[in-house]
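Take a look at the structures below.
Presented sequentially are two complexes of subunit A, the first with subunit B as partner and the second with subunit C.
Up next is the complex of A and B:
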């Protein structure tokens, strides 16, 4: 199987790259060991905790402010086209609730969470489900002028189970009937994000119509439906554009010719699969996703064994996990302005996403934003290279 | 080497993708049933996790796990351990031996089909734990083995692994596959063979599965040595040949795994090797493709897609997010009725959204299940390809 571009990593970065490149008529494949963090995320796009505080060595600075803006607009266009539109301004943060009721800042949100931003200090009614795991309406009492909650008996306890029930029109009708009986007086209604495994907008409109309240979904702990909706939409969008997926197995070997990588061999039962490519984009993520692997004395990049840039000095891990910066979080692949790894023997490899050096997605609250921006930018550079 | 379950980081990605977990609150999902529970399973201790049989072995969890944990494999081990310590249920004995039942029933096909439609027989089936609300698959006397397609010389040589369903229940489809491959210049042999062993595995009988696998490995490995490729159409049989045979049948099993081809993958290979040029005629139809879980689990792009996308006039919808819920013998068991029904309805509803003229699926059990909930024509993909080649 021969491709113009082979993307390694099926997360946000890889999928955005694949959508862009296939839309340019390039034959594209995505190889992924499994489903990405995106599918259990809150489904919100964190671009940056603070837009002023991005240091000079961060991949955002390399991309430039204009690129950040255009990449996020590109994402919004794709999602609108895919039928799961996102809301928000590119350089403005808005607040959403977390499942423990603490508010947090994010940038782009699915339409189902749009109303959360205005709820602070207003009267709030939480609707939850009897026995639902890890979701406690009482947490939301703070910060409201008036608080109430109601519990619906969905007959099942988990986010996946309840969301699956909401996919059924008869269940939705039953829920709406019950809701009418509740006679909710508060201005806002917050519901855990289980209103269906697909875009819940129609149901939210219906709830707003029968209650007269402003409704928003609250992200849950994983399994998280907004993340699953986002991932599935991106993947199917990519697939409809003709991208081929090799999903479920890692890469065991690469073959090279002079200064080019020519193919990947997938390690799977039976015959190994050989995928030939003219160019490759590495988007395998950092430590959690398995793109980087920490050994006792060194850090290894797991696919091409590219040189990993490690911050100098010790310690690499601080004792206090959340309060202070973790130097180890800066580790990653150093790239040129064309997203090509420096000190690599090959010239047809590009790198994007949180595997990039200094990306520190936890510190700068920029996980999905960084994925979209560098994913698109690297893809454009790859397209240029193929010309 | 650490055990695979110790790689689990509890991310719940497998749980998000488990069809049974979606609809059955009694099932804790692959994370708890697999890696979590493994820590509590002590060798030699009586097993008490009867709920473990709620897993359908669709293997979606294994495809999505980003950390190489194999939840379904761990669960399968636990299912077999449970049977080992607690004995097999009548339904498990029946389906482990489905190969023999299929042979017997097809030999007495008219009688067997008549019998399974009788109220009294249905009542008896219910008594042993089978469902009486869906039709038992009809058996055909003219099995693929009993009524073989006349062999033809060809440039390439292949042996066909038909599996139980194509042989005993849908032999006409099986013969259409053989004829089509012959028309494409492939010499197809259909040697006598036994069940692939998957139903035995799924019903807790590893010994039986091994004996089936070793027998098949013996037959097919000798053909591979003579220069034949192995081709299959049933995606669950194929998944077993490739994923389980190296373990069940040793070196010969490995040979089977490395030389087995899905028929569409094989056609694609012939095209790529310039041994074949296909002239596809227009098929003006809306086709919804139900991708069986065990095809999804191959980890590769679906081989039939390349061919089907090049058929002029076709509007193809690829549906791979929903398990049909039947999972072979699983769906015939009374205790699984609700799970199977719910999943079946969800899957069929998704198909009907595109208003298809026909729903296609490589898997006989998926087709049976889909037929239970719609009047839209359901068939093997080969029927559409045949139409396009005529």
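Up next is the complex of A and C:
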């Protein structure tokens, strides 16, 4: 199997890259060891906490403001096309509720969370589910002066369990009937994000119709449906575009010729698969996904063993958990303006996403935003290279 | 189970006092308790004294500023010494240990796991020490059995295959938290008042004599007054601070010891190094994990402890000489505690050489301090202390704590841990298989506002993710039951996360680093806890 581009890592970054490249007629494959962080995220696209404060060494600065804007517009288009539209302006934040009733700033949200932005200080009714493991309405009590809560018995306790039930029309009907009985007086209704494993928009419209309230979903702890919906949608969209997926296995070997990587061998037990490529994009993420690995003394990149930069002479981690300026948050791969790793022997590999040096996702609230922007930018650079 | 120390005392809820004052609560209605004996400190020693007093029919009230075992007791290694470790240098302590070891195995079956222990001799460890060790054990009454290397490896396959031989002794693993809880239970059953989360802030004196204390409830800030005839200072490393409140002096030599926790049980027996006591030479299996340590570093303050990378490096490298897997195993946490050793019992510079024996100090003002000792000998310490109190009161009732089994044990599951895995339906903590019912039971029975109380009593949050998921859930349940408000629980959550992080940070690499980035994403990202 020979591809124009082989993308390693099936997260936000890799998926966006793959969609772009295949749309340009390039034969593209994605190799991913496991499901990405996106699948457990809130599903909202954080772009930046403050659009003014991005430092010079941040990947956003390298991409430039215009690229940030166009990449996010591109993302919105894809999602609309894929049937899970997103809401929001690119350089404007809006708030959502977190599961502990904090208001959190984010940029693009799935339509199911659109209404959360207007709910602050308004009367709120929380609908939850009896015995639900990962959502506790009590957290909302103090935040809203006018607060009420109703519990529906879904017959199951987990997020995914309840969401799966909502895929069943009979269950939805039962829920709507119950909801009518509740006679909710408040202006807004907040519901943990379990309204189906797919786009819940129709159901939300229906709830708004029968209650006359404005409804929004509240993301839950992992496993989180909005994140899962986003990931699944992007992956199936990419697949429909003709991208080939090799999922569930790591990479056991790479082969090279002079200054080019020529192929990867996937670690399938008993049946190693060779994937040849003209170019490669590394989007294996940070520590949490295994793109980077912290040894006791050093930090390693796990596929190509690329050099990893980390601020010199500092302890890796500061004293407080709440300190978002952790030196480790800067660790990653240093790249040229074409997203090619510096000090690497190969000229056909590109790197993007949270594995990049200085991304400092926690500090700049730029998780998925950075993935989308650098993923698209690196893909364009790769396309250019292939020409 | 071992609980992890170095958490700061919970702060009084912001604005709480003001609020209460506005609500007209505080109008000089200080609660007052009258009793005979006031015990300060809810570690092994304090709860041990409470039990002994209860069994001899003396009214008492115990005050602990956090939860049971919040001091050295919960931060210790969890080794019920056979005495082997002390046999060569301190035969007196060794004798105490083996005798108490046998008693606790009898009275505390659900707190003690009879693992037995091996002292392993590695290449370079001398035969002289071995002979000395065997001879000393024999003299002090500690049973020993010599195993060849292959026999020892048969028993504990993870041992360093290069070992020369091993000596078996009756070392055990002990659960210090359960031990304290059950001692307190014996007291409560007989009308003893046990107040956790109450910090003694003042000793009340009249005409030079101690007549009571003032204690502050740590969540609400409420102050209560307890009047008594005698005060027992069993506050471990805080001993001199508490003694000072009564104008007395207890010279102490505080020695910090650190430990690391591996994410699974690497050996089924306690492993010691057959050489003179040194850093990192003991590995103790504890429930589903293994603990290795310890170090010995002089400190001045019993709080604000930190663990240096050097300490972690030292413990890992020493432990992995006995059990090589310690070098690569996933470490889930480190913790540290302070040994409440007394000054002046030795002239040596090495804190480890200071006698582990204990002392009772009569301050001649109605306060007694009981200091030093070991977890293993807590019952004996309590017995001697209570004897003194009885003498003071002129009452003659003998001690029975060595014969009567600890009450309340039938409700505990005991060993092996698999006993606990009966009900898998509604699991709140996936790592330790704690169910919603378990948590609700504690919230109902203890009526707690403290996440720590739930953790200590159920093992919630003690596994590899270290409370990363279940703490949010447990707090949500406390809200459902009306124990905390949402504002309070967010504050508790923040405190918990910072404390948790301090324990994990020294061992953050490999898979634990992955887990940590996940937890960071959940709490700072999804929950939005980063901004106050």
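Quick note on the criterion: the second predicted complex is superposed on the first by the 384 of 387 C-alpha atoms of A that agree within 3 Å, B and C clash if a C-alpha of one lies under 4 Å from a C-alpha of the other, contacts with A are read in each partner's own complex, and residues count from 1 in each chain.
Heads up, the rule we're going with is that contacts are C-beta pairs under 8 Å (C-beta built on N, C-alpha and C of every residue); 3 or more make two chains touch, one makes a residue touch a chain.
Everything numeric here is computed off the predicted structure, so don't read it as measured data.
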**Superposed partners subunit B and subunit C on subunit A - clash or fit** = fit
**Message:** Please compute the subunit B to subunit A to subunit C angle from C-alpha centroids in the superposed arrangement, rounded to the nearest 10 degrees.
**Reply:** 90
**Request:** Figure out whether A:270 sits in contact with subunit B (first) or subunit C (second), or with both, or with neither.
**Result:** first
**Message:** Once chain A of both complexes is superposed, is A:287 in touch with subunit B (first), subunit C (second), both, or neither?
**Reply:** second
**Request:** Identify the partner contact of A:311: answer first if only subunit B is touched, second if only subunit C is, both if each is, neither if none is.
**Result:** neither
**Asked** Between subunit B (first) and subunit C (second), which, if any, makes contact with A:35: first, second, both or neither?
**Response** first
**Request:** Quick one: classify A:167 as touching subunit B (first), subunit C (second), both or neither.
**Result:** first
**Request:** With the two complexes superposed on chain A, say which partner A:102 touches: subunit B (first), subunit C (second), both, or neither.
**Result:** second
**Request:** For A:245, select first, second, both or neither according to whether it touches subunit B, subunit C, the two together, or no partner.
**Result:** first
**Prompt:** Just subunit B (first), just subunit C (second), both, or neither: which does A:228 touch?
**Reply:** first
**Request:** Return first, second, both or neither, reflecting whether A:157 touches subunit B, subunit C, both chains, or no partner chain.
**Result:** both
**Item:** Distance of closest approach, subunit C and subunit B, by C-alpha atoms in Å
**Value:** 5
**Fill in**
Footprint intersection on subunit A (subunit B / subunit C) at 37, 40, 157, 222, 288, 290
**Complete:** subunit C partner, complex, touching residues on subunit A are 37, 40-42, 46, 98-104, 131, 133-136, 138-143, 157, 219, 221-222, 224, 286-288, 290, 293-296, 316-317, 319-322, 324, 362, 367
**Complete:** In their shared complex, subunit A is touched by residues of subunit B numbered 9, 11-13, 15-18, 21-23, 25, 29, 62-68, 242-243, 246, 257-260, 297, 299-301, 318, 321, 346
**Fill in**
Listed in rising order, the residues of subunit A that touch subunit B in the complex are 29, 32-37, 39-40, 155-158, 160-161, 164, 167, 222-223, 228, 232, 239, 244-250, 266, 268-271, 273, 288-290
**Asked** Can you list the subunit C residues touching subunit A in their complex?
**Response** 426, 428, 436, 469, 472-473, 475-477, 479-480, 485-487, 489-490, 493-494, 497-498, 500-502, 505, 508-510, 513-514, 516-518, 520-531
